[in-house]
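I'd like to ask you about the structure that follows.
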Amino acid sequence: MTKSPTDSQIIMTELVLPNDTNVFGNLMGGRLMYWMDIAAALCATKHCNAAVVTASVDNISFENPIVLGNAVHIEAKLSRAFTSSMEVHLRVWGENFLTRQRYKSNEAYYTFVALNENRKPSAVPGILPETEEEKALFDGALRRRQLRLVLGGKMKPEDAEELKALFMQARPGVRKTE
Amino acid sequence: MTKSPTDSQIIMTELVLPNDTNVFGNLMGGRLMYWMDIAAALCATKHCNAAVVTASVDNISFENPIVLGNAVHIEAKLSRAFTSSMEVHLRVWGENFLTRQRYKSNEAYYTFVALNENRKPSAVPGILPETEEEKALFDGALRRRQLRLVLGGKMKPEDAEELKALFMQARPGVRKTE
Amino acid sequence: MTKSPTDSQIIMTELVLPNDTNVFGNLMGGRLMYWMDIAAALCATKHCNAAVVTASVDNISFENPIVLGNAVHIEAKLSRAFTSSMEVHLRVWGENFLTRQRYKSNEAYYTFVALNENRKPSAVPGILPETEEEKALFDGALRRRQLRLVLGGKMKPEDAEELKALFMQARPGVRKTE
Amino acid sequence: MTKSPTDSQIIMTELVLPNDTNVFGNLMGGRLMYWMDIAAALCATKHCNAAVVTASVDNISFENPIVLGNAVHIEAKLSRAFTSSMEVHLRVWGENFLTRQRYKSNEAYYTFVALNENRKPSAVPGILPETEEEKALFDGALRRRQLRLVLGGKMKPEDAEELKALFMQARPGVRKTE
Amino acid sequence: MTKSPTDSQIIMTELVLPNDTNVFGNLMGGRLMYWMDIAAALCATKHCNAAVVTASVDNISFENPIVLGNAVHIEAKLSRAFTSSMEVHLRVWGENFLTRQRYKSNEAYYTFVALNENRKPSAVPGILPETEEEKALFDGALRRRQLRLVLGGKMKPEDAEELKALFMQARPGVRKTE
Amino acid sequence: MTKSPTDSQIIMTELVLPNDTNVFGNLMGGRLMYWMDIAAALCATKHCNAAVVTASVDNISFENPIVLGNAVHIEAKLSRAFTSSMEVHLRVWGENFLTRQRYKSNEAYYTFVALNENRKPSAVPGILPETEEEKALFDGALRRRQLRLVLGGKMKPEDAEELKALFMQARPGVRKTE
């Protein structure tokens, strides 16, 4: 059985309160990663209808700070399902409703493992990407997975075929889709 | 002026409380990343004596869950300083004081940018690694930085010399040092 | 200038954590009202592009308890704008992603006043309902406003024409639309 | 067995901290409703000596904002007990101890249902109002209950005798007592 | 100008939530001391109509644990005012509303200093104890103050006349009043 | 079996966030006592490998306020173990990483009781002080224990031999060691 990425999409909106901010009055990165983890975990749980735990978080770059009193928008959508793990793609924007300014904060991938009642990994349904964007996220998932395995010391760099291709010959078209 | 990594090391100990846990009674990944962000930010601030903001977080793999009521140990240490940014290496363990079991949770790199009063990037002091481990972290920082730039779309894969070497010829010795 | 109700709609998703629950392990009413207040305030702020403060909350009935570990969905949508105040309609569901059970928790109306920099009420844009449901919410807003004024001691019951009509002659059709 | 309203009265005092405030530095409505829910739930629990859950909250009007650093006083007192439900009357003041200024914030009614160990509604003791104010609150409870039932779609407007009388012929004396 | 202790009395009621508890499901001492600090600070602020800061906390013994879901009652009352400092006496009970069991948790003294806008100590009004209990608390305050000064290294033990008398000749009558 | 005080030492570092501060923007005493309780409890648990509950807290004097955005350093170390209780010595500093200013906040003693699964006091390992400072803390523990018992009404002042000696004849050498 396969599901659509939109079936399990989660939209979360939060308000930046004083205790969420650093000395500049901007949302702290750690507080944002906390909200992203909950949004992504809800998305993964909704997809597989099982309890999940965070397995890994890919590289996150914080582009624009989100200001005290602004809204935080988080969209979490499944990019690909593997045997018992799922990669969730997150997009985060800040929004100042007074100036109508909407700005990108960051984008990230969180990976979760589905667990059964005995806390053992359990199989998850597949996913069928529909839009062009969903397809690009789906395709890129293999490369990100190899990168995770290499960085986690579970795959040798020379065996990471997808990554090797990326570094040995520039493939800008593929790179741009993410 | 250069400083030693131990000058700015931060040790944080936390207790896993009910609200920090998922349905399995284990520490949620997002809550841990929140604490890690604060520990790493304190470390970077102590090194550069300036306010800092989180710029990026590298791939994090959660190895063992930390259980409700257990202690969380976080050690944050500067691995390398660049012009106005700093990479902080974090090590996280859980510990059950009743059974004396101490277990690794994860390891991660957070990168911060130092900002002056006008919120512009400001120069940070260099760092002089002393132990073998500090030197290995210092050396690996260039490779991780290239990876961050490639993943952030700010460097072409074919220009990432350090990474290319890694993927084109296996260098297990280097890999193991991290 | 008028806007559409969908322009300012806010969707919030939260996870029920241990500290949000009562002795039965269900979400406490007060915690839910807190989240609803934030979702509704963001919706009103987005509509009028000005800071807002909560003026009143209409009768709320809690239908089904939301369980620890379940998701809380809150949808906030402007039902009607008055001179400087706005009524926001909220719908709240709980969802158990493991059993795929989705259940209504409650429905409510929060009213906000827009304030300018001097903290004085400021004019807000009008709203143009589009769907049948939006039109019914828009129409019912007058009756709810009279009820608020009567309950707040700011209007005499005998002057509340909309309400009087409701109580003197049964109009089940109207009642059902809400 | 009947009890007196003073037997279960709850007095709660809180301090407005930064994270409780909106952009104006005033207590957010949602945070106040959270505290009111806990005070009222404690009052109802104390009256019936059983666990309770919030069933409904009547119209709340926020009159004066409570300022950061000021005290919040909440008094919760049972106004009337029905078969298995209880209506709690709440009065809320802010107080600035530096200027000795004490100001009303709002007044509200929260209704709770008593539950036994099997989570089924259980009978609650009756209440015997003593002061003039307690008697007026007791008398008004029937009218508020009809209003709740009508608003909740559980009673037809034309059957709400107490309310009909209110709207068809002005009875200012009764209205003023609340 | 003198005031009565009852003028500034603060009554705080809290509910023990999951995150406030230790592994035994009982209120953590630190969380209780946090609430006591706020109740006592509000009491001192109300007495002197100035901002205050916590100067010291006397020995606290925790007698009975307060259980998850129970109510916490804190009563804070000024015991004595000195030049610019005030000693607040706190009494704490737990209460299980289901079993009607009310039990003492602890008793403590918190001392505050009043500060003016320049953050300098400012004079506070005197206090006139009225009841027997208030008088005993007032009398004992001198002895506790000497003890604080001796423990803080600001008074030599041999100069602490009140304390010396206590240790050199048993005065059970005085001791019992506290 | 005896252990060394360093075996169970806990180092905690926290960041002062907006919600932790009073009107002066300084860390509230109660919030600090909360963190100290957790650090000390972890230390005691680590020493005895059993669950512990806070039994008492000795006199605490707050010397310098810790400022918003500064770091809080807490070091908790066992000073002495009794039959089933343990005294933990805490030292607290604030630190402003921008100005490199490090300042003492306070010093305190928290006492814990070890409990077995039946919630009964259980025996704890002894402790062997090594450094001069550890020995002084160990020696002073008896005197502090008598003071606790006298203040708690569990020992008559005239039986507190250690204390009597202190007040009847000045022993500055001993006093200075604390």
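When the chains are written out, they are named A, B, C, D, E and F in that same order, and each has its own residue count from 1.
Here is the rule we use: contacts are C-beta pairs under 8 Å (C-beta built on N, C-alpha and C of every residue); 3 or more make two chains touch, one makes a residue touch a chain.
Bear in mind that the values here come from a model prediction, so they are computed numbers and not experimental data.
Visitor: Which chains sit in contact with both members of the pair chain B and chain F?
Guide: For chain B paired with chain F, the chains in contact with each are A, E, in label order.
Visitor: Can you name the chain that lies farthest from chain B, using the mean of each chain's Cα atoms as its centre?
Guide: Checked the centroid distances; the maximum from chain B is D.
Visitor: Suppose you list every residue number at the chain A-chain B interface; are over half of them used by both chains (same) or under half (different)?
Guide: same
Visitor: Would you mind checking which chain's C-alpha centre is most distant from the centre of chain E?
Guide: Relative to chain E, the chain whose C-alpha centre sits farthest away is A.
Visitor: In degrees and to the nearest 5, what turn takes the CA positions of chain D onto those of chain F?
Guide: It is a rotation of 120 degrees, to the nearest 5.
Visitor: Starting from the mean Cα coordinates of chain C and chain E, work out the distance between those two points in Å.
Guide: For chain C versus chain E, the centre distance works out to 44 Å.
Visitor: With chain centres defined as C-alpha means, what is the inter-centre distance between chain C and chain F in Å?
Guide: Inter-chain centre distance comes to 50 Å.
Visitor: Please compute the C-alpha centroid of chain E, do the same for chain F, then give the distance between them in whole Å.
Guide: 20
Visitor: Let me have the rounded angstrom distance from the C-alpha centre of chain A over to the C-alpha centre of chain C, please.
Guide: 32
Visitor: Please list all residues of chain C that touch 2 or more other chains.
Guide: Answer for chain C, listing residues that touch two or more other chains: 18-19, 23, 38, 41, 51.
Visitor: For each chain, which other chains does it touch, given as pairs?
Guide: Pairs satisfying the touch definition: A-B, A-C, A-D, A-F, B-C, B-E, B-F, C-D, C-E, D-E, D-F, E-F.
Visitor: In the complex formed with chain C, which residues of chain E make contact?
Guide: By the definition above, chain E touches chain C via 17-19, 69.
Visitor: Which positions of chain A touch chain B when the two form their complex?
Guide: 22-24, 26, 28-31, 33-38, 41, 51, 53-62, 65, 110, 115, 119, 147-148, 151-153, 156-158, 160, 163-164, 166-170, 172, 175
Visitor: Looking at the complex, which residues from chain C come into contact with chain E?
Guide: 18-19, 21, 23
Visitor: For a test of understanding, state which residues of chain F touch chain B in their complex under the given definition.
Guide: 10-15, 38-39, 41-42, 45-46, 49-51, 71, 95, 97-100
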